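Multiple structures are listed underneath, in structure tokens.
Shared chain: subunit A. Partners: subunit B in the first complex, subunit C in the second.
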Partner chain A sequence: MAVLRSTTIRRPLPQRRFVRPVIGWAGVLVVALGWQLLAVALNTSIFPTFITTMQAVGTVLSGPALSQDVLPSVERALAGFAISAVLGVVVGLALGYYRRLGDYCATLVDFLRSLPTPLFVPLAIVLLGLGSQMVVAIVVSAAVWPVLLNAFDAARRVEPLHLDTARALGLRGVALFRRVLFPATLPSIVAGLRIALSTSLAVLIIAEILGASSGLGYFIQDAQQTFEVPETYAGVVILAALGWLFDTLFLAAEHRWLRWDQATAGGNRV
Partner chain B sequence: MSEVLLDVAGLGKSLTSTSGDTLLINTDINLSLRTGEFVSIVGPSGGGKTTLLRTLSGLARPDTGTVSHRGATVEGVPPWMSIVFQDYTKTLYPWLTVEKNVRLAIRDVPKAPARQRVEAALAQMGLSGFADRYPWELSGGMQQRVALARAMICEPEVLFMDEPFASVDALTRSKLEDTVLGLWQQAGMAVLLVTHDIGEAVYLSDRVLVLSARPSTIIDTVEIDLPRPRAQATTRTLPRFHELHSTVLAGVEDPQSSEVAAR
Partner chain C sequence: MTMTRPTTSSPPTGTPPRAVPVRRRARGRLRRFRGLVGVVVAFAIWALVSRTGLVSANDLPTIPAVAQAFGTSWSPILAGLGTTVEGLFLGLAIAAVAGAVLGVLVGLSLWADAATDILVRMMRPMPSLALIPIAILVAGLGTEMTAGLVAFAAFWPVFINTRYAANSVDPRYVDTARSLGFSQWELVRRVVLPSVAPGFGTGLRISAGVAIVATISVELVAGTGGLGGFVLSAEQGGATAQLYAGLIVGGVLGWLLNLVLSTLTRRLMPWQAAVEKRGEN
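The block that comes next holds the complex of A and B.
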């Protein structure tokens, strides 16, 4: 339907919306086909075919693993992402707006964010034990930085007249942050949030492999160690699908939130 | 008789450049603004007109001297004033509709009556029907009228304007000048306008203050005794208009201004 309708409109907009995803899915199809052919040709138990893998995906998603592993992972990733978003925006904007405070904290921030995430896992296990809390804490320790740094940077570069106007209108404190600083920096914040979302998922898997007894990371590792090869591949495919789903939903939300920015940027994205 | 609303005594202001040098911008500024008075400040570009306005409006703190309002020293940004800046593209918030931009100035008023007031203010500016548009969908002149509506809706005692008509075309400019004159006559607030356009200052004002080159101070005051109400076509063709224009121009070009600058 949508594709048919797009042919009647000559603006570049429908192309971007409909034709590009079609080409994108064609690429996925080609890889799936290549996977299938290669697996059939190799005929080995350590490399299941695409069809076998998709059947395993179906089994996993209709079995107990859905509620034991997949959904907890989704919850942890989203919880970690949400905490990172709030923490990153609040701290980032505050450090960016209050210049002196930002100068004091700059070295500390640089120091903390350059620590590799796996380093925190043993520490988090000691502090929080094994389980969801620990995993969420690890996710936050990695996903908070792209949000915080983007918010910080954008708050430092915010148009001075936006701030002068706000102050002339009597805005100060929380009202100034909420009504002017936050919307003015939202385009940068959203860019940081998108990175944080994919980081959340990646770090989630590391944390679950290293220190959890449930979740997608645990599931993949467990399947691998018990030689359930199609299930191992199925876990990876589910993870990839989740990543795609998160990003697609995120872009849809961004499109709604930032209509004004896309329009003022003069691009053809609206 | 009108009373003194704003009194500025011995005001001085320095700014620190990015390279760390301290630059004296305004020095020993003395002026007063009476209720309902229209006063313009003219001076060369780069002379610190904007800095002066920022200090007078409380956006910046004076280094020396005082700004007082009805006898009380001004601290911070006072509620009795509004500002219209030159660059409307940066003072109207692009993420808010026209209506929400204006309503921001009366955000403590409940939503329903506030909306009504905004609609009335927009109608007065000839912007009925544009409430739900975004500022960037409007022409430059219309955007500046939105900024004026936002400045006027909280009924300020003093309206500060920093080159408000410098970014629009000549025709829009003269229309906006008359819009401001109409608002001023109707609302009766005091206006302090900063401009580099001498004709504009003479046409609009009761009094024109001439600022020297940097570090700037007021070197001349010209009373504008042109009859009101004024109109572009008639007022600007009066012989007296040209006399006053020449007087102000002579003040701007006075060697004293460069002498002050050399000190």
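The block that comes next holds the complex of A and C.
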């Protein structure tokens, strides 16, 4: 990442290793403090303080909701994510590699991915009924696109020389995909996977709110309708924490297994 | 089709453009219509599957049935579409302005950038849709609630991409501009903003998708009408043909929005053509 060295436009950060995270956490702290102060100042029942919310988070996580709602949600999100990953990579690479096939399907793919996911929920309920299966299907319908499109784009931009060399050496079919196309497109695929992971969680919630009798989405909705205000906020905080945890784990894994990729090895904090 | 994460672009490796023979160009124009093949095949499969009764008519109505649904309920569909578009654009506009301004301000300061770093990483994967119950709690069921929630959800892609772009303005441009005697304001207006604009465009396009999802989610959960409301009532009334009609209208809306935004970005920011080209197919 380019950094402006000119000091007149930007004041530089001290060149120490831990400065950035420390300032980063200070930013989080300021927001938490702002929340607390605002809630105390407003003093309404619909906006609990930061501390009350954190206490509710503790109660929720130590109660039965952990195994009834939090874990099923994690399971569904990961299942949907896994299916999306496999489906997106296979279909995306195939459409990108076979150019003509990709051209034929481009408009269709463009239309399908433009379908707003939540509109699928009523349809999925008609087709699959209420429950886990429906939720996972909704997750896949949203999370497959970033993977598929990134794989597609990257497969089209693979250096033709590499493909020609591989073909000249007698690689074809699955071996060509596995040993040339897949490694060449992996950085893009991983970028897509990261987006898919956060998409999974976001869409999961809407599906659970509308058509499940368990899960975090259900929990949040239920808490709101029974006016358990701190619990409602706690559900959202847990969800945000889950999103952050997923993302952090993903980045760690990426850093560990994809170190050979220049773009990954550089700044990747966005 | 777009890359959703700003990546460093590799230098073009291809040969310089040569004069293209006329016949090849004509074929290139034909290639644009190849996309229709997939659409036609999809319709054919739909017709075949619904005719043969492989899937029950309740799950997958026939094409004429859906066409008829369009005919009988075009007025509620249009009304719903209007409501949806209103909330969508209001929220998206707020998100675009706030995201652009804050993104440039934060991206230009290394301190602000560091201070918001972890916060942004927490908020980025945050499923804004989970806030719908809270938004209902706080703001009731009006348009303000929809627009506010849509704005919140759509803010992040604009903000993150703009911040990133502002953070990675090429220092050589800045130095050049400064040695040419640009004032601070001129520097921002003539160097920083043009460099940031493509990132903003990318962010806005992602945001548009997010905004549609958020708008319709609110409509489904809060029952505030719109396209989501139409589809929901079709589901509850067992009118599957109406449901499919609403779904198609939603797809066209999303597709059009994406088309308009990507054309606009290309027209308004020709200097980004090289980067854009990569995402095209």
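The rule we apply is simple: the second predicted complex is superposed on the first by the 243 of 270 C-alpha atoms of A that agree within 3 Å, B and C clash if a C-alpha of one lies under 4 Å from a C-alpha of the other, contacts with A are read in each partner's own complex, and residues count from 1 in each chain.
Everything below uses one rule, namely that a residue touches a chain if its C-beta (ideal position, glycine included) is under 8 Å from a C-beta of that chain, and two chains touch if they have at least 3 such contacts.
Not measured: the values here are computed from a predicted model.
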{"item": "First (subunit B), second (subunit C), both or neither touched by A:Pro183", "value": "first"}
{"item": "Which of subunit B and subunit C A:Leu169 touches, first, second, both or neither", "value": "first"}
{"item": "Of subunit B and subunit C, the chain that contacts the larger number of subunit A residues", "value": "C"}
{"item": "Partner chain in contact with A:Ala41 - subunit B first, subunit C second, else both or neither", "value": "neither"}
{"item": "Which superposed partner A:Asn150 touches (first subunit B, second subunit C, both, neither)", "value": "second"}
{"item": "Touching partner for A:Ile205 - first (subunit B), second (subunit C), both, neither", "value": "second"}
{"item": "First (subunit B), second (subunit C), both or neither touched by A:Glu159", "value": "both"}
{"item": "Residues of subunit A contacting subunit B in one complex and subunit C in the other", "value": "159, 263"}
{"item": "In the complex, subunit B residues that touch subunit A", "value": "54, 57, 59, 77, 79, 81-83, 85, 87, 90-91, 93-96, 104-105, 134, 136, 150"}
{"item": "Residues on subunit A engaged by subunit B in the complex (per definition of touch)", "value": "159, 161-162, 164-165, 167-171, 179-180, 183-184, 186, 260-261, 263-264"}
{"item": "Residue numbers on subunit C that touch subunit A, as the complex places them", "value": "1-8, 13, 31, 34-39, 41-42, 58-59, 108-111, 114-119, 121-134, 136-138, 160, 164, 167-171, 174-175, 178, 184, 187, 209, 212-213, 215-217, 220-221, 227-228, 231-232, 234-235, 240, 243-244, 246-247, 250-255, 257-258, 278-279, 281"}
{"item": "Subunit A residues within the subunit C interface of the complex", "value": "1-6, 8-13, 19-21, 23-28, 30-31, 46-47, 100, 102-112, 114-123, 125-127, 142, 146, 149-150, 152-153, 156-157, 159, 188, 191-192, 194-195, 197-198, 201-206, 209-210, 216-217, 220-221, 223-225, 229, 232-233, 235-236, 239-240, 243-244, 246-248, 262-263, 266, 269-270"}
